[in-house]
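By written order: A, B, C and D. Residues from 1 in each chain.
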Amino acid sequence: MGKNSCTNKLKIINDPVYGFIKIPFDIIYDLIEHPLFQRLRRIRQLGLTQFVYPGANHTRFQHAVGAMHLMGLAIEVIRSKGHDITMEEARGVTIAILLHDIGHGPFSHSLEHSLIRDTSHETISLMYMEQLNESFNGDLDLGMEIFRNRYHKKFLHQLVSSQLDVDRLDYLKRDSFFTGVTEGVIGSDRIIKMLNVLDDQLVVDEKGIYSIEKFLIARRLMYWQVYLHRTVVSSEQLLLMMLKRAQLLTANGMQLFATPALSYFLGNEPGKFDLSNKKAFLEQFASLDDNDIFTSAKVWCNHKDRVLSILSNGLVNRVLFSVKLDNNPFENDLIERMRKKVSGHLSISSDEAEYLVVSDSISNYAYSDMDDRITILDKKGNTRDIADASDMLNISVLSKTVRKYFLCYPKFIKELS
Amino acid sequence: MGKNSCTNKLKIINDPVYGFIKIPFDIIYDLIEHPLFQRLRRIRQLGLTQFVYPGANHTRFQHAVGAMHLMGLAIEVIRSKGHDITMEEARGVTIAILLHDIGHGPFSHSLEHSLIRDTSHETISLMYMEQLNESFNGDLDLGMEIFRNRYHKKFLHQLVSSQLDVDRLDYLKRDSFFTGVTEGVIGSDRIIKMLNVLDDQLVVDEKGIYSIEKFLIARRLMYWQVYLHRTVVSSEQLLLMMLKRAQLLTANGMQLFATPALSYFLGNEPGKFDLSNKKAFLEQFASLDDNDIFTSAKVWCNHKDRVLSILSNGLVNRVLFSVKLDNNPFENDLIERMRKKVSGHLSISSDEAEYLVVSDSISNYAYSDMDDRITILDKKGNTRDIADASDMLNISVLSKTVRKYFLCYPKFIKELS
Amino acid sequence: MGKNSCTNKLKIINDPVYGFIKIPFDIIYDLIEHPLFQRLRRIRQLGLTQFVYPGANHTRFQHAVGAMHLMGLAIEVIRSKGHDITMEEARGVTIAILLHDIGHGPFSHSLEHSLIRDTSHETISLMYMEQLNESFNGDLDLGMEIFRNRYHKKFLHQLVSSQLDVDRLDYLKRDSFFTGVTEGVIGSDRIIKMLNVLDDQLVVDEKGIYSIEKFLIARRLMYWQVYLHRTVVSSEQLLLMMLKRAQLLTANGMQLFATPALSYFLGNEPGKFDLSNKKAFLEQFASLDDNDIFTSAKVWCNHKDRVLSILSNGLVNRVLFSVKLDNNPFENDLIERMRKKVSGHLSISSDEAEYLVVSDSISNYAYSDMDDRITILDKKGNTRDIADASDMLNISVLSKTVRKYFLCYPKFIKELS
Amino acid sequence: MGKNSCTNKLKIINDPVYGFIKIPFDIIYDLIEHPLFQRLRRIRQLGLTQFVYPGANHTRFQHAVGAMHLMGLAIEVIRSKGHDITMEEARGVTIAILLHDIGHGPFSHSLEHSLIRDTSHETISLMYMEQLNESFNGDLDLGMEIFRNRYHKKFLHQLVSSQLDVDRLDYLKRDSFFTGVTEGVIGSDRIIKMLNVLDDQLVVDEKGIYSIEKFLIARRLMYWQVYLHRTVVSSEQLLLMMLKRAQLLTANGMQLFATPALSYFLGNEPGKFDLSNKKAFLEQFASLDDNDIFTSAKVWCNHKDRVLSILSNGLVNRVLFSVKLDNNPFENDLIERMRKKVSGHLSISSDEAEYLVVSDSISNYAYSDMDDRITILDKKGNTRDIADASDMLNISVLSKTVRKYFLCYPKFIKELS
């Protein structure tokens, strides 16, 4: 009994999005209390998005708890439609969703392109789960099987990770709530009510088709209006360049203030994570969060390296890059010309100017027709891909990767030209 | 001064959707006070939709006031982008939107297919506006010019009536609010912020493109989930058949209780509205509202005509038809078979059974590419139709009329077959 | 099984206040479908309040369903605190709350002071419940015992009717939602979470004390800002006087259009309801609703009786009385002077003027210290009355009846004086 | 023109509480862009409250912008009631509210009791304003006069700081929103609509009396349910003790990692802030924020000083003190006994145990009848204190300081006893 319910412990978390959230199992309570999970309180869900939407300070902790809440609703709905989910399975799938992002570090996108290159947060999540499983004496076994999609009831994994998982159902709603972009709001509760299972696969009842359409459109809207907002992108580039610069200076033996955890990653040659240093890596990574980045950047504002100080100052005082977007790559000529202006203006080398004039691309697709398709179930028991079921959505477009090229450069350049 | 602002009168209406709504001009206050406008308090915006969504009791009064509020916001936005709207024009376009639905009767759809056949609510709106204009000594002249699209600044008319008018921006939001179908919520305020004017035409700033996509998808969702909800459709058929039956019985000289206004329309041969009876028609129509239909139906529940009493009882006690939907017309054979069953079961003639087994079609398109297109304005000043600007929406589908066929029949038929 | 759950029937109602509401038992579904309950769709919860707050068109149907929903939450909370509520009891108390207002007619306050004088809606509710119980073969027995407070677990009755019943928890929240008076919003869910049971009495856990304070203050705010709003009061007087006038004219043998149900009550001598006419009374009353009042008033606008036509016109076209409020009764001299003005102005008798110049009082108390006190339970198991437990609320004031006197008179009087 | 409006710059901030917020003046835009204001992005409005309410990560930046927004509404309302506010005054009072909290550091309460003892955030705010005024060439003169209450129109200062200032109107609403304690929601917009001015004093129109009652009750609720929540209090004690301990260790010459800004304050003898070090103090303080505290604490978790490491670990991993509340001071005997247990259990000195067993008090009053009273204005132009105007609120209680004593101690103590 104790194992499969939440007994004598705090049972309720107050969430501005859903109201009261119940903690359904004792082990969920214990996992939430664990330092590895508590650290998610110190990692913003949307990184630097708060530079554009000042309300976006919500954390990965809040998201994980919210997704756990939606999982409870989904389990209830699926059971009510006559599909068996045992208490053990419910517990497992709830563990899986609670921990699905446990391996996220601060500003994941920027970090994964600099300090921990070649080590994805998914890999780290799995390693932390293994650690936790050990300290919980194997009690996470089933949860991890589901997470890894090795459990025979495939729909349980799909609830955790697919194109219609409760992960997305929470983060779209939550990000919309905290950014104030009310148009991104999705009907999580209605979509969950439409979930069903056929042949161990997650499907959507036919009358949920309009909700799915709206979900995909809202997701696309959130991508372009929030996640890939030009100013968010330029902020991330600022951060990425700052970290790369700090890494280079460190490699060159220059003295640089950094918190211990950040020191570790600045000194650690990127991409060199392997079994030999796994334990140290995980330990250091666990103590790295948003705070380390900001405290270090504040000190670097006064660093004698011109490039580092400009970038750090930009991050700390929100002096962002200008940014141009285009559907085609920017011409090298143009980029070179801008770098020259910058190097001339600041009396820095052209290599150094590369940190201040940056061009790359971002991309997004709203729906993938490759795997984990969203499947619609009609009343006669037939299934169709949403791409076929919806006469409305141009799925070939939705599933096409949209790529946009950007060019970031210091605001003062305009005045030079 | 007095003419162009709201001076010494009640200035605020409390609206659950927008909060406090200010009345911007004295004449708007006076028009709201007028009996012709007050009657809109007695006409539900969504007719019988409350049979499916019990919250949907909001009235045409509320909608008209809400649309007036959005018009104020739109005027402010357009002015802030450097386009001139004089105080006179602001006043005119506000009058136009306030009165745009003044000619609606109760359950418009059903009524226009029975009692007032061939007389649309648009026609009646215009006639009431003329009446009002007379009693206001021509003070509505400019408003009516705008309403009729005879004013040279075309965008003012487009704010009142186009594919992106404040009429839709209010009713989608409002209907979504009162039905509880939260997914239909649109970002009226953001869309309004994106409005602009080019060459006297209403356009949308480029970065509003995702909001427009979402607006069109939400509109489609509301159509199928609310406006054309199968149970709403079957309720309207019940009402339509009841009115037609009452009309026939009246024509046949049978005694029938009815409120005076309803009596007039039951006795008036449909389609016979012309100049000779215009005055009486308008006077009687102005005193007809939701209440007349329900009070009369309650009495008819006990009428000796079997068909009338079944239909009235269905309306009063919410004993609705069963309804089947299909993409193709139902076969005559099937319909005939069902009518036979009904006539046999109830011992009524096969003519009478036609009131109880009804087949027809409903249709909808989300976007019309014929006229009043939604035009996107990019930063360079170029315009494109939303159909071209959005890579996402399948506009050819959106603009295609979707037609669905329905077959309504008494619930007891199932048991017979 | 079938008896104690909701099986094969529609299970969900969409409510704009709470979202999806589940129907918990088959009998609840059947009761909702019953004509006696369906008629509540045609009776506004707040009568003429929509004259002041145009959004207030929600019905007694919506309120009853909402209160039923809160009952489900309350049952769950109380059970979770270790108190037994059997499935039968849950079913009974849910029936009791669903039907608690089944005896309401249209505009109860005005009606109970005119057409059905001396017959309260509570009495009628009980009689309808008896009727329903018969047609459901005694299946409502336990529900009625609880409703009548004859069941030994007193807290079940208190959930239905007490100073902290789910009736109030729903209507305060709902009325606040639909009027747009957001300040009246109460934390129904938090209050329910704080409910507990001690010695078969409903109590509130100590940490809910601030929520209770806020509930009482919000209730008081709603009283003065909505329920007893001066314009609402004056509207009700208009209606009351109109009905009284129509009653008098009928008694005097004057011809008067009225719907059949309204005819019955106009002709029925008030206060004469007894066993001899019980059946007819209940039948006629069941077919009386908001629609009858409005349709009849519309016809009376043109009645030759000056008083009736003025009052009816006031109701139909929202030409309301002026109203003065005072903490003391208005002097007879003043009232007489005003009546004289009116009778002179309109050339009517002074008796007739009494229908147009009306003075009476309204009263309210926020908390009664007489019975059904709100009891606070501290952690040691001790209880105190909220009046003692709250150092903040001036309960002696809260529990004091506040009486305000009003004087209603036609708007044109000002111009005469 | 440019001076008194917002011209060519970003004009809108998206806020989840109010939606779109317009920036009304260019100087407001420039102040928001200033590093001193940007740093407020890095300081949570509610410090450690996120330990109890995970959504409470909103920042002082958001609050300042929100209060600025409400100021705009208040100005509009007061002008609409015929009171003159010049453009210069509007600009000044908006500057004053935007900067009213500019001197806040991280976790103000804990910091002011440790690192910067005897220097209140109000003092620091004023010093930063002076700095800003210099760099803006005296453009903040009028704003500072209003802030310091030296301007002759006293009501302008009262809008910034009084018992009904827009500061409170924003933070109560905002804190309620982000904590999810929906009961704390106040009707900011309605209260603002009721504001008026008499003899240069801010007053409230009579019909706002119920809103004020509700505001005071909501404020009280927020105090006990959020601001002084026992777990929030115990978290702050943990932080306070950690900082004190670090300060002592530093004074004792022990090596301690700290960010540069934190180092400064750890080394700076508390209370020693004077003119001689003002410039350094302000500079260092400006670079101190939430991040410094957390990064340092993370390192201290492994410090060899047992007390520091326990406290730091508590803060980082949310291993909070147990806490007892009482209306009376805890007896010294009890406290000593607990300290002994702790020192025995951990093998630390009894001096050291004082950092782990802490007793102090918290206090709050909801309304002060000493100064800045809330004044109600009736229709005849008479004024009364809310304490007299409200028959409902027990103002003598509301204005009485409520003091509660707390005792914090490590969780393991329970097991020892």
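Keep in mind that, in the parts below, a residue touches a chain if its C-beta (ideal position, glycine included) is under 8 Å from a C-beta of that chain, and two chains touch if they have at least 3 such contacts.
Note that the coordinates shown come from a computational prediction; the quantities given were computed from them, not determined experimentally.
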Worksheet item: Which chains are shared contacts of subunit C and subunit D?
Response: A, B
Discussion item. If you average the CA coordinates per chain, which chain's centre is most distant from that of subunit C?
Written reply: A
Worksheet item: Out of B-D and A-D, which chain pair has the most contact pairs?
Response: A-D
Discussion item. How many angstrom lie between the centres of subunit B and subunit D, each centre taken as the mean Cα position?
Written reply: 51
Discussion item. Using mean CA coordinates as chain centres, what's the gap between subunit A and subunit D in Å?
Written reply: 32
Discussion item. By the touch rule stated above, which residues of subunit B touch at least two different other chains?
Written reply: 19, 182
Fill in: Complex interface listing, subunit C residues touching subunit D
182-183, 185-187, 190, 210-211, 213-214, 217-218, 220-221, 224-225, 366, 391-394, 397-398, 402
Item to complete: Give every residue of subunit B touching subunit D within the complex, in rising order.
Response: 12, 19-20, 189, 193
Worksheet item: Where on subunit D does subunit A make contact in their complex?
Response: 13-17, 19, 33, 35, 38, 41-42, 44, 50, 52-55, 57-59, 61-62, 65, 177-182, 257, 259-261, 287, 289-292, 294-295, 298-299, 316-318
